[in-house]
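Both complexes shown next keep chain A, but they swap its partner, so chain B is in the first and chain C is in the second.
The block that comes next holds the complex of A and B.
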């Protein structure tokens, strides 16, 4: 019989995950889906389960002069209905469906690190950082350094993701589009997120095509200088490495991503 | 272990593991079978309940995450006035065929009115995107919601 625990403080949780390798369980909307593993879980679980959803201190959205600080257990619904800027709220409001959004957490989407995780392109474009805590101490690192690849992160077994820090920026426009089989409640085939302030500052990410979200600060800088859409597109084409899978084909994904970026930016340039 | 929570307004205490699904506890321990199991993957909405007034898929909730929470199933929701109006609209629009999706659908409709006073068709579609219906083709369900909007239905 596998033990399971329900700590109510971060310290308690850290002690538990330090002693033994554990499954950390937040909202469970990714973990419960791994159904074949889960069914009969009470017998088959090989690691203790630590249910962290009772830790109320990780359920707040706070802000400082420079950052929004999101507790790892904040739900997608809470993000969507918060006072955060629209370019953060809208993507969260388009994830999954209403009932899942009520339980799925911000931290779970990040740590799961699926290549189709919809929050990652947003947070990466916004230069978010994550705080990892263990009994040995804590570290805050850029999200880009946290994620190593599809389902792979630098999190150590004894570390809990506690906070996400999103810098406040003066972006005044954004574009977000997620393409799936249906309009809602479906994993992305491809998504594009663009935030900018006129064309003085811009961040562009493409989700669900490569195993990892695509962002090139170098291409962004070049584009701010020359406003050349063909060069930007050329640059992105060189780094796109989509695959064919059950959701879509490489060609479809790449063409759609490129077209979305192109069409949106042409509109922006026309209005300058 | 002993797990305490509130079910349909009553404080209850059960002997269960943390890993058991709320869905199974509702159906097996309490014999409340209005909550259905469809996909067991969070996609279909047959298992919807309210937990602390929020719509959740009970197939996704282990008992550890229900500790101390107030859970309301369709059996209890069906006693409310809010429910009766939705039931009427569903019946007069032919929005129920086999009925398997109906408990979840009705609860999702209620949650929809919590967000919008008069949801547009697009908002209805988004609001019901976690509910699959294999019989009606959805049209009649959308019509039932449109009827509620027309009647000035309000979340209370």
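The block that comes next holds the complex of A and C.
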């Protein structure tokens, strides 16, 4: 017999996950699939399940002078329909399909930490930080430090991801392209996200190629200085390590990632 | 009513409002569930099966419970109901674990260990060929290549992969003992195939076994021969337990282990003289998996129309099915033609390109006409309007007003598709019988052909109502139940409207004179038209009663940065005789285009070590609404004398020509040849990188 709990406050949830190792259940769109065994049979949950979607305080998008603060339980639909900048809204609007977007949460996508998770390239490029809370305290760390690898994070069992902080920047243009095996409702086989302000400030991430999202602040800085696309491409090529799998090939992922970055930035430079 | 009236689909209301009960929703008292224990290796001997200690509530059903013959009667009887000593593919059923509690069943099954002696499996057709594991082979030819004079030979090899039917409703059956009768309910296309398999394996008479079709949520051939296996399994289980037993697959199970479209390899050699085709030599190989199943029939349909819409002076056709330890392959809309017509039509476009001629004009020289000889030495008995269809396609697609556009390509295909069983199959094997029964005001259609989403009930009711000139509401279709309906044959081969509908039209004609009687039963049997002359041994004569035709043009855009393909438009001109219902025809055209598009550019399914790799929605991708092109369809009217109201077949035709048209359009856009489908962006990149 597996117990399940429906806390309505963060404190309640923290107590529960402190006492015992639990499955934290937000939208459940990853969890339900991972735990399935046979349609009509129970999911193979081995720990108590804590349904956190009753915690209303984590469902808001707020704003300070410097940051957007996103509650972990904000859904993808709410992100897509929010007043956030377009370069945040559009990627969320392209995830999965409406039924899933209506329940899938921002926090779930991050904590799940799949290599194909579409929000991570965006949040990483935007220097987002995440807040983790437990009965023992609270810490806010950069997203890059939170994710250790494919499906691996530094979250401790008794910690709840509560907020995502996205710094406000004065980016005035962006490029986002997610490529899947078809046009919609599909996981990424490669994605590229670029946000920039002219060529004074730029962030570039590549998703779904390496086990972890690729971002190189060093290459970005160099590019701001020299505007050299060949050097930038050379730099990225050295860190790409795609794989052949059921969805695509190493060659395709790497070539297309490079093609996209190159084509977009050539366009930007031409316009300058 | 008149045949030209528009009608609403008769089956959709309950489907849309959700009240229809599919096999998974149907209620049975004391229902038990079954889950399949499957082989995890492609080939080997079962040394022992370590079951956990017996548990209350769990019953194991296996080969030892089959009371008569552990064989699934299809064309051969080479497939067992449950694997006994040997296993021949990954996923082969070994036993059913049956109980009332799904959690108990799953935890029991997880504890079972099967010990095998592993044998070297055959995983490719090349390997199968070198081992001499050819299951069947056919050759026929016209003319001769012996002293053929030619300038050059144009040779290509083409490959196609698996395609999964991906019916919305998964495979499912229920076996129940009802008044001492072994009764099977199931999602299926061919109740009498299932009945015959039950009679054979259980050694029962027709009155001791009963098959009732459950509402069928899509099939596409996937529920043609495969449900016989499942029906036998639940029949054996229900006989052992004396309780109803339901076997419904999970989606991944369904995708990984049930029949799919045969992977193929085609080798085409074209002999050219003075820029004209003087001969074509064609060979096709199909991967049948471990058992023959329907593979030889699939092969025959692949090769009978191998010459496509063309008459070549000299042609040779050879086809083989190979035994492998890959998943069992079988029926799928098109039945061999999607493979052979992909190869032929892409080849024709590549030839036209090589000879630097317009692909449509190039084809016109070879189009067949009424009275000419078919590739199997029969005579085309019908009016054929390929030239007119070509011109209609040119007009519909505004081909002569095309602008030069970057990254845009066009491709065409011309396809014949025979309706009904091949050769004399309808008369010799199927021997369809239909009943039309009048009880007071109502007319009942009693046949074994099923509604599976294609609109059969609507089309057939419309035929009967139109002949009788009565309201369609007065025509009622009885759910196929082998205790109640005669054997009008399987719901396959695009035969339901053309052949069964034809019989119903004749029955209705006879009914017409007796409409004032209270109760009337009209029985109608299939009679082979005189012009069908066929020798099955030599595969000589009229392979089909009549052909339907399509001319298709695809327009694609290939993204130069990401190599993603967008099929923007499909233009199609069809000859399906006279359509019974224009909306139903359009439904088939739209569905066929979409399924063909999936086959041509999206639906990649591969096998590694005998295991299907793409067995979930997250990596086997069928088109979504975002992938669907603008579909521009037109049809010509060409009355078929033996079809109801002049109708010919529709269902399969609409899929067949799409993949070659799209594949050719992609080649046109990138100016490279690609010799396999689906044409994924990965393959486009590879082709571009080649030099």
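Just so it is clear, the second predicted complex is superposed on the first by the 262 of 272 C-alpha atoms of A that agree within 3 Å, B and C clash if a C-alpha of one lies under 4 Å from a C-alpha of the other, contacts with A are read in each partner's own complex, and residues count from 1 in each chain.
Rule of thumb we're sticking to: a residue touches a chain if its C-beta (ideal position, glycine included) is under 8 Å from a C-beta of that chain, and two chains touch if they have at least 3 such contacts.
Only a predicted model underlies this, so the values are computations on that prediction, with no experimental measurement involved.
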Pick one for A:141: touches chain B only (first), chain C only (second), both, or neither.
neither
Using the superposition on chain A described above, determine whether A:53 touches chain B (first), chain C (second), both, or neither.
first
After lining up the shared chain so the two structures overlap, which partner does A:96 touch, if you call chain B first and chain C second: first, second, both or neither?
first
Determine, under the contact definition given at the top, whether A:238 touches first (chain B), second (chain C), both, or neither.
neither
Touching A:269, do we find chain B (first), chain C (second), both, or neither?
neither
Would you please give the residues of chain A that touch chain B in one complex and also touch chain C in the other complex?
41-42, 182-185
In their shared complex, chain A is touched by residues of chain C numbered 33, 35, 102-103, 105-106, 248, 250, 561-564, 566, 602, 604, 613-614, 618-619, 621, 623-627, 680-682, 685-686, 689
Quick check: in the complex, which residue numbers of chain B touch chain A?
17-21, 40-43, 45, 48, 51, 54-57, 59-62, 64-65, 67, 108, 111-112, 125-127, 129-130
What does chain A use to touch chain B in their complex?
2, 4-6, 25, 27-29, 32-33, 35, 41-42, 45, 49, 51, 53-54, 77, 96-100, 102-103, 182-185
Going by the contact rule set out above, which residues of chain A touch chain C in the complex?
37-42, 177, 179-187, 246-249, 251-252, 255-256, 259-260, 263
